[in-house]
Amino acid sequence: MSHNTFGHLFRVTTFGESHGPAIGAVVDGCPPRLTFRREDVQAALDRRRPGQSRFTTQRREPDEVEILSGVIDDGAGLLTTTGTPIGLLIRNVDQRSKDYANIAQSYRPGHADIAYDLKYGVRDHRGGGRSSARETAMRVAAGAIAQLVIPDVVIRGALVAMGEIEIDRARWDWDEVDRNPFFCPDPVAAKEMEAYLDGIRKAGSSIGAVIEVVAENVPAGLGAPIYGKLDGDLAAALMSINAVKGVEIGAGFAVARLTGEENADEIRAGADGHPEFLSNKAGGVLGGVSTGQPVVARFAVKPTSSILTPRRSIDATGAEVEVSTKGRHDPCVGIRAVPVGEAMMACVLADHLLRHRGQNG
Amino acid sequence: MSHNTFGHLFRVTTFGESHGPAIGAVVDGCPPRLTFRREDVQAALDRRRPGQSRFTTQRREPDEVEILSGVIDDGAGLLTTTGTPIGLLIRNVDQRSKDYANIAQSYRPGHADIAYDLKYGVRDHRGGGRSSARETAMRVAAGAIAQLVIPDVVIRGALVAMGEIEIDRARWDWDEVDRNPFFCPDPVAAKEMEAYLDGIRKAGSSIGAVIEVVAENVPAGLGAPIYGKLDGDLAAALMSINAVKGVEIGAGFAVARLTGEENADEIRAGADGHPEFLSNKAGGVLGGVSTGQPVVARFAVKPTSSILTPRRSIDATGAEVEVSTKGRHDPCVGIRAVPVGEAMMACVLADHLLRHRGQNG
Amino acid sequence: MSHNTFGHLFRVTTFGESHGPAIGAVVDGCPPRLTFRREDVQAALDRRRPGQSRFTTQRREPDEVEILSGVIDDGAGLLTTTGTPIGLLIRNVDQRSKDYANIAQSYRPGHADIAYDLKYGVRDHRGGGRSSARETAMRVAAGAIAQLVIPDVVIRGALVAMGEIEIDRARWDWDEVDRNPFFCPDPVAAKEMEAYLDGIRKAGSSIGAVIEVVAENVPAGLGAPIYGKLDGDLAAALMSINAVKGVEIGAGFAVARLTGEENADEIRAGADGHPEFLSNKAGGVLGGVSTGQPVVARFAVKPTSSILTPRRSIDATGAEVEVSTKGRHDPCVGIRAVPVGEAMMACVLADHLLRHRGQNG
Amino acid sequence: MSHNTFGHLFRVTTFGESHGPAIGAVVDGCPPRLTFRREDVQAALDRRRPGQSRFTTQRREPDEVEILSGVIDDGAGLLTTTGTPIGLLIRNVDQRSKDYANIAQSYRPGHADIAYDLKYGVRDHRGGGRSSARETAMRVAAGAIAQLVIPDVVIRGALVAMGEIEIDRARWDWDEVDRNPFFCPDPVAAKEMEAYLDGIRKAGSSIGAVIEVVAENVPAGLGAPIYGKLDGDLAAALMSINAVKGVEIGAGFAVARLTGEENADEIRAGADGHPEFLSNKAGGVLGGVSTGQPVVARFAVKPTSSILTPRRSIDATGAEVEVSTKGRHDPCVGIRAVPVGEAMMACVLADHLLRHRGQNG
C-alpha cells in the first residue's frame, strides 16, 4: 500500500475530492476474459449511495459510474476484461460548497482537516477534500471488479453495533440486512436502532458503530508469510476506511481472555478430504494464511466529527474559536461503511488469490 | 508490505526459520551518517530474548547479532551508517528439533502449520519454521536501527491485560515496566499476573494478552492519504506480529459507543503556537496523518497453540489424531510481543518520516 | 514499476486505449503548494499532438486535458497542488475504428497485437488498444507535473538520427529543434530528413530513429544503489516507450571500444567548490547516482509496423494471410517520441529527487 | 525495483560491501517444492569467480555460499524450497584494504566513489564499498535459484565485442564459450582477445566490452503492459549491473536504420500450432510481452576506472590531485559480467512467469 494505491497484483488507485469535478479509480492487474455489465458495478455503488434514507447524508449523488478502459463491449453492454487497466469515473453532481463557508478557516475537532493542513500546508476544506467518505465510492466500484476475480467467494457485511445497541447473534439473519436502512442482521436491534438514531440525528449529533464482514468459500492458502499476511493486509485495508479506529480478525480482542485450550480451533477429518474445523476463533486465518474457513473481520467506525454542538477549536491563524458543522452529514457513518468493508475484503482476497496463484502455480 | 519485506523508503526484509542455521534481516534505505554501536542493537534484542524468567520459553538463545554491512567502523566500535543496506545476522544456537518429533506429522490446533501446508504443500515443522516467534528477533534489531532515524521520538510498550487481569490506568508507571517480567506498568496487576501465570504455566496451558505501544514526540504530518495512512500501516505492522488478532488506535473499539461530542478531541491554542488537544481519543492520528499528539496503538495477542492438553486434530494424511505439545514454549507469548510492538512502531514511524520528508521537502 | 504504474514516491498510473472513450492518468505523490495552470500541461501535450505536420499521423485529436483532482483553483485558473493525487483525463475524439476492420482478425508483423493475444487470449484490435502510442499523451501530461517538482532542471530532447541520416553534432542548435517538424537540432540534417521522410511516407513505409534527451542542472546525489539506480530507472522508463529497442547513457555502446584512460571523465576543482568534470562520457551518472553533470540518455525507436506493403502473417485462427495497414499512421514514430522521452526523464528525476530528499533529509 | 531489491513476485534483495565481513542476498517469493543442491548455486558462482585466469582480478575469493533459510534438507544435501525466503551468505575472505590506502581520500575519475560521497556525505572507500562488482556474486547466486523457477528456459551469455575486436556471428559456437577465458563464442576472436587483453593488462589499462544474453524456450505472454514490460524490466536489470552504459533488445540501435518492411518479423503458421516467426529483429518481445521467440538482450560494459595511468582528479577536500590505482583489478570487467547478465535474465523471467501466472491463471 502506498499513497493512493493498494494491492500488489490486483491494484487499485483512487483519486478525487468530495467537492471537485469527479472521483475516479484505476483497477490494474485484473485478469482478462472476465465478463460483467456496467450495471453490476452500478448496483454495488447504489448500495453505498447516500440519501437513500433519513439516516444518511442528504447529499444527492447519482454516482453514475463510467467505465473508460480495460474492457471490450460486445455492443450489447456485455463487457469483457482485456487484462489492461480499468479506468472508472464518477462525476460529482451535488456539491454545495457554500455549506462549508463557515468552517473554511476553522478546524473541526476530530476531523482530518487539521492533520492535512499540518502535513501539506494547504487544504481543500470543501467537504473534507480527499479525506471525505466520498472517496469510498471508488472502493465499492473497485470491489465489484474484484468480485469477478473470486466468483465463488461470498462476501457479506453487517452492522453489528451502533452506540449502546449491540445485535443478538442468535437472531442473525443475512436476509434481514437488506430489509433495514442499517445493514443490521438482527431485526429486533434494527428496530431499536431506528428510534435511537432518530434521536441522535435530531440532536445534530453522531454515533459510532461496529461492522462485521464475512467471506465464505475462500480458498485455503491465500496470504504470504510475515509482512504479506492476509490478515495484515485486511487490517491495513479496513483501517484505511475513513473513521475506522480498530480492526479485529476472528475472536479479535476477546483472545486476550482465552486460554490456549479455549482459543485453538480443533480439527476433524472433513467428509470431502478437507480439514473440518470445529470452531472459528481464528477467523479463517492462521499464520497469515487462509485455512478454508470463513474469513471474519470486524472494524470500529467512530462518529463523524461534523456535528451541530459547538466544540472548542482553533482556526488557521491559531486563534481559538468554536466550531459547529451545518453541512449535510451522516449521523452514523458506520452504516455506509458496510459496503465499503465488503469491497475492501473483495479487493484483498482478489489480490491474494492472484499472488498465491503466481507463486504457487 | 509484500511477502517478507515491509516499509517503503525505510525497508526491512527478514529471513530465517526457528530451527534453521540462522535468522537475518536487511534494513534498506536507512539514512547515512547516523551513529550507533552494535551494543545498542544487542540491548534491544536482550529485552526480547527468551529464557529470562520462568514466564517465557526456556530456549536459551544468546541472540548475538552480527552487523554485516552498511556501516563503517571507526575502529573503536562506533558505527556510522553509509546509506547502503544494513545486513543483520543471528545464528540459532539452541535448536532442539527432537522436541518436535511427535508433532512432525500432526497439525497443532490453532497453529499456522496446517495453513502453511495448505499453502505450500510442504512445511518446516521444526518449531514452526518461518511462523515461529523467533522471526521477531529480527524485527527488534531492525527497530533499533529505525530508532536512529527518529531520535526524538520516545516509544514505549506495556502489557495492559493478561487473561482476566487488566491493569488500572490510574496506577500506570512507565518505570514499573522494567521491574517485572511482564512489561506491566501497574505494580499491583503485575503481582497478580505472577501468581496467575504460574498457574497457567504449571497446567501446561497458555493465555492471551493486550499490549499498548505509545510513541511520544511524533512530528505532525506523518502518513499519506487513503492507502498509506499512518494508522493503516501501523495496523498492518502490528497485525503481522505472530498471534495478533486485533489492533486499535486511540480509543479503538470504544468509539463505537461514543457520540461525536464525546469522541472529538477539542483543540486550544498551545503556548508554543502548536495546536493543543484537550484529549487523545484519536490516538494521535486524524485522517491517517499524525497530529503531534502521542500515537497510541493497542493489539491483542492470542494464547499460543502449543499446550500440553491433548486437542483433537488431524495429521498430514488426514487421519484424526490427538495433539499435545511438549516443546519449550511461552505460557503468554504476549509478554515478549511488547518489544516487538515497540520495534514495529519505530519502523513504521521511521518509514513515514522519510516518506513525508521526501514528498514535503 | 509495475503493470501500469511507475515511480516510487512520485508515481504515475495511466489507463486507456487508443479507441476507447478516454485515456487518463493519476499522478500521485506530487508535493503540495506547487502552482501551475492547466495551459502549462496543455502546452506540453500540444508539442506531442499528432496531425501537426504531414510527417505524423493525420488523426486529429485536440488532446484537451481535464484536471480532475489534487489541486485548488484560485478562481482565475491558478492551480495549487494539495499533495493529493492529480487525476488527468483526455477524451478520445477522432477514433475511426473502421480503419482497422481489415486487420481485426490478423496480426500485423512487428506489432504487439499478437503478443497481447498470446498473453491475454483477447485483444482490443482497434488501433492497437493499450499498446497504441496514444497512451504516451498521458506521460507527457504527467511529465508536465513532474517538471514542477524539479523547476531548475532543464530537460530537452532532440531527434539525432532518422534512418540513414545522422545529425552533425558540430551544428547542434537547441533553438533549431522547434523550427522543424522533426525536433532535429541540426538544420542541415532537418532539411535532408524532410525529403527523405516524404519518400518513406509516400511509399507507405516507415523508418526508425534515435532520440537524445539531456537534463541540465540535475542536483548531484539522485539515484539509489544497485536496483534503484538513476540510470536503471531511466533505462526502464525509456524502454517502456512504444517501439523503443535500445537505451544508452552518456557514451553508451561506444564505451565498448574505449580504454579506461579514454572513458574516465577527469575532474578538476570547480570555481564554485563543486567538482568540475572535463568530459561527460558518464552521461552524468556514476554508480547509478547523478554527479551534477548533465544527464544524457539516448534511445532507439523502431519503425512502426503499420505499413502499406503486404507482409506475411497469420490470423487469429492460425491461418496464413498477408497483412497491410491502411489506417492513419506515423511514417516515423520516433518524431513524436521526443516529447515523450523528455517527459519520462522529468518523471524519473522528480521521483528520485523525492526519494533522495526522503532518505537524505 | 527499489534501492537494493528487485522483482515483484520473485524478489531479490542484496547487501554487503566489497571489503566488509560478508555479502548476502534474500530471495523472496520463490515457489515451494523446487529441489536443488547447494552445489548448483556454487557452480554458478564458480563461473563468475575472480582469479581464474590472468584476465580477471587476482583477488582470491572462494565465494563459498551458505544457504541459511527457505529450504528443507533431506539429510543428503537435497534441498526443497518451502516458499519462504531463501537467505544466502558469502563471507569475504581476501580483502586487502591497504591496497586502497592511497586512494582513500581521492576520487578515481570514472568511479562511483565521488557520486556516493556527493549523495551520502560518507563513503566506504575500501574496494568501492557497495559499488564494487563484488555485489554481483549475490546476483549470480539468486540467478541460480531463479533458474529453478523456469526449468525449461535455456539462458546463455557470451562476450561479443571487446575494444576493437568484434566476433564474427558466422562462427558463433555456444560450446566455445566455456573453452576460453572470455566467454567468447567465436574461437578466432577469442584468440585475438587473448593477445589484445594481455597488452591492455600489461599497460595497467582497461577496456570495454559488449555482452549478449539469449534466453530460449521462453513461454509466450510474459511481461505486463506499459511500465511492467518484459524488456523494460530487462533494461533496468541489465543497466543495474556495474559499469553498464547501454542496453539493447533484439536488433537494438540498428532499428533506427531499418524500414518497417525490414524490421517487421514476418509470421507463418508453425507446425505445432504456434506462430513461427521468420526472423527475430524484435528479440522475442513485442509490446513488452514475450512472443515465444528467443529473448535476446545486449549490454555494453565500460572499462574499469581502476587503471595505473595517473588521471587528474580531486580529493575529498576539493584539492586537485593525480590518481592511479594499484589494487588488483579486471582489465576487462565485461568478462565477468557475462554470468551476471545471465543471472539477471533468469531473475527477470522468473519474476514475470510468476506475475503472468498470477494474473492469467
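Letters A, B, C and D mark the chains in the order given here, with residues in each chain numbered from 1 onward.
Definition applied: contacts are C-beta pairs under 8 Å (C-beta built on N, C-alpha and C of every residue); 3 or more make two chains touch, one makes a residue touch a chain.
What you see is a predicted model, and the numbers here were worked out from it, not measured in a lab.
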Distance-maximising chain from chain B - centres being C-alpha averages: C
Pair joined by more contacting C-beta pairs (C-D or B-C): C-D
Distance from chain C to chain B - Cα centre to Cα centre, in angstrom: 45
Inter-chain centre distance, chain A versus chain C - centres from mean C-alpha coordinates, in Å: 38
Mean-CA-position distance for chain D and chain C (Å): 27
Per-residue overlap in chain A, given as positions that touch at least 2 other chains: 2-5, 8, 14, 29, 32, 83-84, 116, 119-120, 130, 224-225, 356, 360
Chain D contact footprint on chain B (complex, rising order): 2-5, 11, 13-17, 20-24, 26, 28-29, 32-33, 66, 68-70, 72, 80, 82-87, 89, 116, 119-124, 129-130
Contacting residues of chain D [partner chain C, same complex]: 1-6, 8, 14, 107-116, 118-120, 130-131, 135, 161-164, 200, 205-210, 220-229, 231-240, 242, 245-269, 273, 275, 278, 281-283, 285-292, 300-307, 309, 311-314, 318-320, 334, 356, 360
Touching residues on chain B, where the partner in the complex is chain C: 8-9, 29-32, 83-84, 224-225, 354-361
